[in-house]
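Presented below are the structures under discussion, each in the form of structure tokens.
Okay, so chain A shows up in both of these, paired with chain B first and chain C after.
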Partner chain A sequence: MTRTTGRRSGVAPAPRGQVRRRRGVQRWHVAAALATLVLAALASLFVGVGDLTPADLLDPDEAQARVLWTSRVPRLLAILLAGSAMAVAGLVMMHLTRNRFVSPQTAGTTEWVGLGIVVATLSFGGASVLGKMVIGVVFALAGTALFVWLLQRMVLTDVVVVPLVGILLGGVVSAAATFLAYRFDLLQTVDVWMNGDFSGVLAGRYELLWLVLAATVVAYLWADRFSVAGMGESFAINLGVAYTRVVMVGLAIASVVTAIVVVSVGSIPFLGLVVPNLVTLAMGDDLRRVLPVTALTGAAFVLVCDVLARTVRYPYEVPVGMIGGVVGGVLFIWLLLRARKRAL
Partner chain B sequence: MRTPSRPMAALSLTVATALAVSACGGDTTAEASSESAEVTVAHAQGETAVPADPQTVVVFDVGVLSTLDSLGVEVAGVPEATYPESLAQYGGDEYAKVGSLFEPDYEAVDALEPDLIVVGGRSAAVYPELAEIAPTIDLTVDNGDFLASFEERVTTLAEVFGEEDAVADRLAALDQRVAEVRETAAGAGDALFVMTNAGEVSAYGPETRFGMVYSELGLTPTDEALTAADHGDAISFEYIAEKDPDILLVLDRDAAIGESGTAAQQVLDNELVRGTTAWQDDDVHHLDSSVWYIAPNGLPSVEQMVEEVAAAVE
Partner chain C sequence: MAAVLTAPQRAVRRRRTLVVLGVLTLAVVAAFLTVDVTGSWDYALQQRGRRLAAMAVVAVAVAVSTVLFQTVTNNRILTPEIMGFDRLFVLIQTVGVFSLGAATVTTTDPRLRFAVEVVVLIGFGALLYRSLFGRTERDVYVLVLLGVVLGSTFTSLTLLVSRLIDPNEFLTLQDLLFASFNSVDRQMLALSAVLVALVTAGVWRLLPRLDVVALGRDTAVGLGVEHRRVVDRALLAVAVLVAVATALVGPITFLGLLVANLARQLLGTHRHAWVLPGAALLALLALAGGQLVLEQVFGFNSSLSIVVNFVGGIVFIALLVREPRQ
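Take a look at the complex of A and B:
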């Protein structure tokens, strides 16, 4: 404990590390990352049970065209949309709560969506996807607002307390959802809903995910406002920023994105936590600069996980949520160890 | 999840069972009168002495319940579950509810003072706890050797309730029918058994809980490599398109548990599945979900399952 504090106080006022790190990422790095993402995306188009090679693209027969347009392309788009939006949602939450460990998964937002889905199913007898989504959004908004309200009323002595509160809250909510699901014989169904999985994605079955793109764009346009709000209420008000409104919009973006992604494809663990941290670690804290790269990295993370999910037990599938849990977990531990060394 | 064990009850039951067993063993030559008091039956988890023709029966397995129902045996306690249409009356209040398919409400079971408790499949794991309350038998069917195992369990049940003759006749008829279906199935092309669950699909192979369609009813599996995983192997629609089965047997899990959100018809009605031979030849068969999923090991259930496959291969 003392060692960490000592290091932190030793490093925090020294901007040199920050500056060097910031200089470390240059335009061509981003370009290279983008190129990698495009290549991985193309690769993802040719990984699957159906027979489709790059050469076939020039002259696809009927079956190949069908595989490409009903399965591969929609799946790729769903991955890119869900991955980028969830990473950005995590980044925004991280900034607004001024805590690196706050993400939709550590603030209980995901669990609230789960409860919302269970309630939607029970009260509207197997509600449509749109119905689940609307109720999921409502629950996510209410839950995230509750989380923030709790934070404002607590004396926080340690950065770790904030995500702990979120995880505790999430635990309680998820227990309620499990209880309901258990009583109404829905446990396994809820499992399938919550565990991230792109195997059901087809043309005509994922289009609601495009809504998260709108949320991501709004997050980018408001990036500077979130940055300022992230510096604290009085600071923001002094700069003439409507603090409460900005925070509400930010949390609404995160909640809506989480709800839409979880209802459409399920939850991908660590995505909203690890990706923003990795990118911030490399590029510093300027939200406007970091946000696009976070979105790209989030998309790449899910892309890699989903290609693994398709190949690990080929020709069968493994839920991408499971792969994400393993990959994200390893990255998170690496991040923590690194933080100890470098005093994040 | 586990209830506190009851050492005294366990002890006294063990002693009682020991006495009963030794009593039985003591006079193997005894005449019918003493035999009718108790029957020792072999089941999936050992042997248990149960009173012949028990009056108060608690059943956790819906398959067993369907067998008893068709034999006209009254039961006292049943689990809270989504019952197949033919067993809908058991969902009502006149039958005491003794927990879920997986987890008993031990107090409710105890309060009924049952003469016999029957578990199987989902409830097999709680056999030791229930055995402390009353004589309990586990009629779990071995999916690796479905028909033989199923017939053995049904016969056991018939012995306890003195219905051997009726059951033997029905089993003979069933065997006859299975042989006929096998013959037709041999020339019916290959088949893929899939279950839809909340919009996602998994496939079941020969050694799984639905494997009897291959191993007993003679369908040729489209994919031999499918594992014996309890919940099947998760697949994509591309997989169905690529494997191109001649017959697609579909189980709608959401319908089986009483959910109507994304019906299997809807889930499978997409361009990729529409391209398969099964779809084009109108050979996508939606099975009676609650019978296959909730009550697959009952005598009337298996009779129905055989007929459903027979209809599919004709």
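Take a look at the complex of A and C:
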């Protein structure tokens, strides 16, 4: 399979299935979105308690430079990394499970990471971020594997049963984590991972998040393979794709990204679900074409939520996960009702 | 399995099951009141008695509301809690404190406050769920997923609003929100008991018609039951009961699901006159027994709702995964 540029790969066979391909999105739409993102990103640098105006950028004094480089810029980077990677993780999961409503947040993966964090904190005392991350990744992989195993066992009558089981499974895991946390006075830890929050991001404390960029790049390089795998096992094997391996790699990428993001900044509910859905609604299902736009939209979504979270009760902050939970939940409900109306 | 039994035999078996349940519940209640009392018996009995009374009120409220809701929606995996009713109530309380201020809320007569909250819940709930039910009729899984997402959105919104509240006022809210069996207000308890008793008495008069409604809308209409009216009344009762239970002890999502299904299975019938008392007894058994085991065996205090959600979640997944095969 030769690799072409993202734009031209629209010609290659893509998992269009019964989904109508729309040509509504033009190149200038993407350019406009990108410009908006850049503008919002710049704006976000100047939201905060410490005084910093665009004019100061030209000639910052020492304090302003410190605010900029230890807090504002790392925070912006963390938002962009986490937002884009989670959206892409959701997109990959959606393709591989062939279900629009499956994402790390609706498969219980997030909650498994949370349980992993509690276990890590318990068994190694105040485990280092890296230690938590490793254990988080292990739990995320195991949890996703369990979900996929359950998926195979289910007699599917309806696409929405899959996310439903995933969400409930997440609830059970989260109850287990809360129980442990309650028992050992770690409830604050649970609070932190349940409500994503970028206020703790400072230079020197977020750098592990860069790992998700690597995962996102791998996802892009393998986009065509995920597309083929998303067309079903026999189809993929006929086309010469090692179906099982591709699916495993894809789900592993999604799990690892989720674990890293949740350990670093906490969970942003529905992010991995609504962003890929909105983008594929507008652009169709060609994975390679959609993936970069999904990443951009995910970053923009989190960025907007974070700026909101920082301004809604200025000078205090609200965890971005709460804003994301409200916005994402409303969007999810809209998507559900919409999908249902079209199916009827 | 009960197919070979004749009708009278089944009635005898049902009665026996109910009696066994009653005796078991009594035993657990007695144990709950008396086990490991050190110091003053008067004090211990008074304290535990109040907690037990709260449990009984919640047990009846949760059992009756769940069974009614399942009858009305004609499905045994839907419950008001899964549809987000209890979270909606918490959200209403939070928004109340946010918009009116803690001072207004605390100085209002709790009975008046509760009445207003319930009315708002009924209004919002009717609006929200009427439109959802109308749009996705008979599509149970979509409904459940919608309910779950609604519940989680309500929770996010509650957290968000509570962050916007002044920290001092938030303390008041916390008293309202983080209720548990250990911190039940006596006045609220009395009010709740009266409300639950009244509503349950009202429901009792509906029972024959509810049995018909359980057969499905078309059959019920064919048999001459005013389906819409019975459903409206049942939903009204559900809203009041959910509000009472949530106001007393906060959300316990899966309790109703567990006891309603277990009661039907144990009693081998869908008739409300049997299922309602069975489910209520099971709920009290689960609450008092669960608390007893947690406290005495594990030395925990108030994590019962977490355990119920853990067990209930697993049962729910099993129900979902197995349902289509039957």
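The rule we apply is simple: the second predicted complex is superposed on the first by the 314 of 344 C-alpha atoms of A that agree within 3 Å, B and C clash if a C-alpha of one lies under 4 Å from a C-alpha of the other, contacts with A are read in each partner's own complex, and residues count from 1 in each chain.
Here, a residue touches a chain if its C-beta (ideal position, glycine included) is under 8 Å from a C-beta of that chain, and two chains touch if they have at least 3 such contacts.
Here the structure is a predicted model, which is why all the values come from computation and not from measurement.
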- After the chain A overlay, clash or fit between chain B and chain C? clash
- For A:V161, is the partner it touches chain B (first), chain C (second), both, or none of the two (neither)? second
- Task: Could you look at A:G143 and tell me whether it touches chain B, chain C, both or neither (first, second, both, neither)?
- Result: neither
- First (chain B), second (chain C), both or neither touched by A:R313: both
- Message: I'd like to know which partner A:A175 touches here: chain B for first, chain C for second, both or neither.
- Response: second
- Identify the partner contact of A:L202: answer first if only chain B is touched, second if only chain C is, both if each is, neither if none is. first
- Can A:V192 be said to touch chain B (first), chain C (second), both, or neither? first
- Message: With both complexes overlaid on chain A, does A:G298 touch chain B (first), chain C (second), both or neither?
- Response: neither
- Query: Touch check for A:R66: first (chain B), second (chain C), both, or neither?
  - Reply: first
- Message: Applying the document's definition of touch, where does A:G90 land relative to chain B and chain C: first, second, both, or neither?
- Response: neither
- Item | Partner, of chain C and chain B, that touches more residues belonging to chain A | C
- Now that the structures are stacked on chain A, which of 2-10, 20-28, 38-46 or 110-118 shows chain C clashing with chain B? 38-46
- Following superposition on chain A, which residues of chain A contact chain B and also contact chain C? 182, 313, 316, 318-319
- Item | Footprint of chain A on chain C - complex, ascending | 135-136, 139, 141-142, 144-146, 148-150, 152-153, 155-157, 159-160, 163-164, 253, 300, 303, 306-307, 309-310, 313-314, 316-317, 320-321, 324-325
- What residues of chain A sit close enough to touch chain B in their complex? 48-51, 63, 66-67, 70-71, 121, 125-128, 182, 185-186, 188-189, 192-193, 197, 199-200, 202-205, 310, 313, 315-319
- Touching chain A in the complex, chain B uses residues 81-82, 100, 197-201, 203, 231, 233-239, 241-243, 253-254, 257-262, 267, 270-272, 275
- Note on the structure: Per the touch rule, the chain A residues reaching chain C in their complex are 101, 150, 153-158, 160-161, 163-165, 167-169, 171-172, 175-176, 178-179, 182-183, 195, 269-270, 312-313, 316, 318-319, 321-326, 329-330, 332-333, 336-337, 340-341
